[in-house]
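Here subunit A shows up in two complexes: once beside subunit B, once beside subunit C.
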Partner chain A sequence: MNKREQADKLFHSERLVPIIFLLLSYLAWQFSGLSGAFVLNQVITRFIRDGILVLSLIIPIAAGMGLNFAVTVGAMCAQAALLFVINYQVNGIAGILLVALLCITFSTLAGLVIGHILNMVKGKEMIVTIIIGTLANSLYQLVFLVGFGTIIPIGNEEIILSRGIGVRNAVDLDMYRNTIDKLWLCKLGNIEIPLFMILVVLLFACLIYYLLNTRFGQKVKAVGNSNEKAEVSGINVNMVRIMAMVLSTVLAALGQLFFLQNIGMFDVYTAHMNADLISCAALLAGGASIKDAKIRHAIIGIFLFHTLFIVSPQAGQNLFHNAALGEYFRSFVAYGTIAFALIINIKNEHKQQVPSNSI
Partner chain B sequence: MEVYRIKPPQVIILIFLCVLVGLAYMLHLDLVDLFNESLIKLMMNGVLVLALIPMINAGAGINFGLPVGIIGGLLGLCITVNFRLTGFAGFFTSLLLSVVFCCMLGWLYGMLLNKVKGREEIAGTFIGLSMIPLMNCFWTLVPFQNRQMLYPIGGQGLRPKISLEPYFNNILDNMALAKIGAVEIPLGFIAFFSLICLLLALFHRTKVGRATIATGENEEFSRLSGIDIAKIRLIAIILSTVLAGIGICVYSQSYGFIQLYDEPLAMYFPAISAILIGGSTGRRAFIFEAVLGTYLLQTIYLLSVPIANEILVPEITEILRSLITYSIILYALLHRSGRRLSH
Partner chain C sequence: MGNILEIINLSKNYYGIPALKNVNLTVKAGEIHGLVGANGSGKSTLMNILFGNRIIRETGGYQGQIYHRGHLLRLNNCAEAISLGIGMVHQEFALIPELTITENIKLGREITNKLTNRLFGHKYSFVDKKLNAQSAALILNKLGLDIDVGLKVRNLSTNIKQFVEMAREIGRQDLNFLLLDEPTATLNKDDAQLLLNVLLAMSRAGVAILFVSHRLEEIKQICDRVTVFRDGEVVSRYNQGEISTTNLARDMIGHTVTKAVAPTRTVSNNPAMIFKKFSVAMPGEEIRELDLTVYEGEILGITSLSGHGKLALGYGVMGLYPAAGEVIYGKQKLHRMDSRTNILKGIYVLPDDRQGLGILPEHSVADNIIFTGNQVKNLFSLRLPRPFTGFLDQQKAHRYVTQLVHDFEIKCTAITQKIKELSGGNQQKVCIARALTVNPKLLFVAEPTRGIDISAKEKILQMLIETNRSQQTTIVMASSELDELKRICDRIAVLVEGRLFKILSPDASDVEFGLALAGEENI
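And now, the complex of A and B:
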């Protein structure tokens, strides 16, 4: 029995998943033939791009709501804020501040709505967040493909399609491009380290860590452990869940802003599409579960998942002379990680429930 | 069977449909032609919607993992086309092969879903989603010989769209086609579709079928009365997967192409939406609901295409379509848990 327990501990998914990712990434890296410096640079770039998006998933998990696939809604809020500001041509510092303000306003509102909806479907939050994400995508398309030029007056002809209605597929973010990325850029040989941005991501990580250890954080964790117990001890469960959702959506929106300013331009209708998938898979790759996610899971996960993400197309090219295979493989890894985590977690949940039922 | 009551989503759908028909009339579109096509569309998509019924009735939720069955069907179709089987022989071989593959896939899928009882929907979604890239690798590497299926350049990997023109394109559509004036009624297709509906209805009358419904209604009670819950759920999930496989064969012969790669992803949300429009709550589903829902949803899809071409922003109908599809699903999920709380 003791051995069995030890084996269980050793092969617990918290360690198993990162180890599998480490092995896969290492193998794929070997086959890809890419230089270590290149991969490291790329991973650091992805770290500052996706870091906050991944961190935004932690609070809803702590509140027992599972993976928040509605981070795409936060991402869309950020894009909407950017598009409105570009449309009305507010430049310079005022523009940047306005983007941040609008972004936070939109995402707070969206978070409130999502929180309310999720309170109606306790226990089925994840599937509902997926549907909310796709539904919000349709609304987003309606606003920017049809609303612009018909209901919303056009202020900037450059971003509008030639027919006069709807926003173009790609919008340039010239004025925001790399405004803060190049701050405090360190060079170690071939490796570029944008210290400022890394510190920003780590700051957000500390913020979430701090938040989860305040009184509010205690409430969130209590709700995550058991809705009923939290209710009995006088916590307004619905309110805490809504707060968790608002925080997650606002963080996701800010995360998407950092993501877009790093890339420097964005595909209006597709930039947000995989935000949920990639950040959820990255978090799980670091050893998180749908019940328990820590800051270290997010940080380890981003490095592991994105290493695999970067090297696998080239590895596919070298192994099978077909780069598409590598891409299929990496999307399989992304979806598969989530599927695996879901099945293992829900199964364990049942195991814990069985003894209590049989008594 | 309780009395059929019309629900808010159906009212909205009916109003939208009336507006579309009115618009089509005003734009002088050929309504008879559209009616003919709407019949075909119903049966073309109908089997995929029917595929959702067994799982809902067994209490395993809405089958968000429909792509698993669709992939089994696509495998069957591809093998048939690889051996250049044509006509009815070809079509029925593909059905047979699909059933075989879907049984195997459905068994695996069912075993997995039995481990995640109560959360089948989210798990099914991601099992389906992770099957797609896995099969994309397969489609790229599989050593099929028929040049018509392969990429013209390089000769390796299947095309995203394989034409069924030389094999069994529209074989059901044109079977015993009756013409009354301009109205065309595909009697053969209707017969085939009715046969599947009938078989599914008969399944629910058998001992296993009754046990399925009992399990869906009250699992504790069924367990106490000696029903093997895991086995019953497994049967329902396999049946659902098999029907999805048959569904994609029927769909492909009518559409004229086998669509591979990411295409199965575009199929499961409309199917789910259709059965919910038909009035199912996602806890119990009837064949009648599936047929009605499919007809309403597919007619909306059908009407919106020519209308879209006439108006200034063609994307608007596509966007409205997806808005309807997803809001119906969201409504049903919210409505269902609202009812459960009130009990």
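And now, the complex of A and C:
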């Protein structure tokens, strides 16, 4: 192996990005002055909150559709399900089951629609999912800002704005708070480990690993590689892509449900806004690319990205005596990761194309 | 034996151009039915219809009936064809490059874990990698291939890919009808024979085979019957024993082709272009310190084995790949390899990558012909004062293109037709027409006849000869077709490992060329 090849290997995003994140996280942690236990507790919490959302991105990548920025749609489905159930005041176990049922129904329908749309725009999936997310956001706002109290009858005055139309900015999830979060809580010194929740996230990870190694998974991989060749191999490409999108959206909806119940309340109009950005960045930070994402990328990525996310505002405060700078650094980190991973991808793709051109 | 396949009065149009006209064909169980025809004669269209390729439906379906084992065949996609026991081996490999050999062979038929079969059904059952690998290795062994089945297909050589693709079809127990689109085109003689033996074994087991090949000897060797296609119609059919390669060739073309031959002559000694230690860094096709002189008015052939640099010369002059060394054109030295300045100086390069670099696929035939001439030399612009120059003179362009389409016998519905809808031969004619529009003094062409049927091939060679004779255009033609080079060139340069090895006269024997290509001195 010559030096050039060695350099290429190191510069490959799968290693380079996580290494950079590790270094940045370590440095920022040193400057932040936060205790290790605090950071670890926070990271574990975020692992539980963000885990399933990040995992929901893997199947569309395997199917060659790139990063699914439309996970925000799944997130909105979860929020809509919650709001409807709170509005009609279904409590207890029945309420939780109804939320889950509605959540899956909404997201399945949304996934079907997104899948159909993406089949019309093959090769431009990522930009289209961004636009779909934005469009869905407007529709969502229309329903909850204007629809409630006009078309949709109000069943719970508490969540309605004082003018009688539209849902309040913040809705309390009192009845779900700390229902499953504290199950099997272990304590290691100062570190709290909610074992049950971690197992749930890992269960979803196993589910995706399993799915990708079934016959269905083989089809997904074949489609991800080449639509045309998969088609002539007897795979119904459009169907597989729609299924990938449905799975992703349903997982995203469930992920958002976990996210919200863990926090215990939510901002009706903004809670879903950064779901796509943060989960995409976390996945890419773990070394995934828009062509290749594995479970380990998701898990490593969540830890690395959120560590940096947690410590950077405090590091900014200490370094520059300005917390806003740290806040700025957060968004820089999120967008920067995505941009970097995209550039590396295109660079690698270009490299592969050169020899295939020659005869 | 019953008919596996029966085609009655099958017709198909693409964009109003007939591709198949009233085709009738039957294939019996256990029969190997050969299918021959020139490029564009409708063989691929027939294959696509039989395999349910989406292209057929998207371009308006077909007329006529097809019966498969007595049932009317109505396919919406390839998956349906496969479920009926129809298989196809594709010319351009339908293998998924990032999957392993095993995964490719077993795609859609994976052996799965029994427990999860029962729990989640076949489709969502866990794939047993070990068992699949064993089974794939077993199938490949039948084909005489001993290879690590865990390798990704991307890393395989073309002939192994061909065997893997073949293995995928052989591995199917439900296969009753197999379509083969030039499976031996990329194989050497021994490997091809191996494959033919496998086909014979399959036919003995009762599988009906429709076999497309350009190698008429193979057709003669293994086919029970052979059907000849020309311009979308069945022109003749022979049974085993009556097959002769000369008859097949005659029926394919429809007339005896007059081969383009340039008479030998003496060429001037004025150099048109001199390459001194010229290097081109084209990956996989590098030229290393080439010294070569091109004389005015000659047709210089350049040949080499693939990967030895014959294609890179044109690309280097065009500036597509980094080049080093000295190039002297006429009396001046070329400082920058830049296609625009070179075209203005009278140098034009027609690349071998027709689809990628040769044509503007979404533009019309007319646009493609006048594009370079108008962009670089303003040949078709209206004469308007300064800031308004560059407006196209529609009438002038129309007149010019119509004349050229007529002269070069370019087959298109109208000059406004998109060029991507034309056949390869006609696209190449358009490319040459575009090159001639800028009236170059020195023309580089690379593989001008690749992927083109026999009659269009001769027309193109004739065009090159005429251009050279009537307009004194010096032509440098890089090609792997020795026979063509020998017919039209004044001299033929043989490159080995990117360097000039020898310049041979077109009268030199095949043995001499063979030795030169292999880089061996004459004894």
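Heads up, the rule we're going with is that the second predicted complex is superposed on the first by the 353 of 359 C-alpha atoms of A that agree within 3 Å, B and C clash if a C-alpha of one lies under 4 Å from a C-alpha of the other, contacts with A are read in each partner's own complex, and residues count from 1 in each chain.
The criterion applied here is as follows: contacts are C-beta pairs under 8 Å (C-beta built on N, C-alpha and C of every residue); 3 or more make two chains touch, one makes a residue touch a chain.
Nothing here was measured: the structure is a model prediction, and the numbers come from that model.
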item	value
Contacts of A:Leu145 with subunit B and subunit C, given as first, second, both or neither	first
First (subunit B), second (subunit C), both or neither touched by A:Thr214	second
Touched partner set for A:Asn322, first subunit B, second subunit C, both or neither	first
Comparing the two partners subunit B and subunit C, which touches a greater set of residues in subunit A	B
First (subunit B), second (subunit C), both or neither touched by A:Ile165	first
Touching partner for A:Ile235 - first (subunit B), second (subunit C), both, neither	second
Partner chain(s) touched by A:Leu135 [first = subunit B, second = subunit C, both, neither]	first
Subunit A positions touched by subunit B in one structure and by subunit C in the second	none
Touch list for subunit A against partner subunit B, complex	66, 117, 120-124, 126-128, 130-132, 134-135, 137-139, 141-142, 145-146, 150, 163, 165-166, 320, 322, 324-325, 328-329, 331-332, 335-336, 338-339, 342-343, 346-347, 350
Subunit C residues touching subunit A - in the complex, by the definition given at the top	51, 53-54, 77-79, 81-83, 88, 90, 93-99, 103, 106-108, 110, 112, 116, 120, 122-127, 282-285, 306-307, 311, 352-353, 356
Contact footprint of subunit C on subunit A as seen in their complex	210-211, 213-219, 221-222, 224-226, 229-236, 354-355, 357-359
Residue ranges of subunit B in contact with subunit A within the complex	64, 112, 115-119, 121-123, 125-127, 129-130, 132-134, 136-137, 140-141, 156-157, 269, 312-313, 315-316, 319-320, 322-323, 326-327, 329-330, 333-334, 337-338
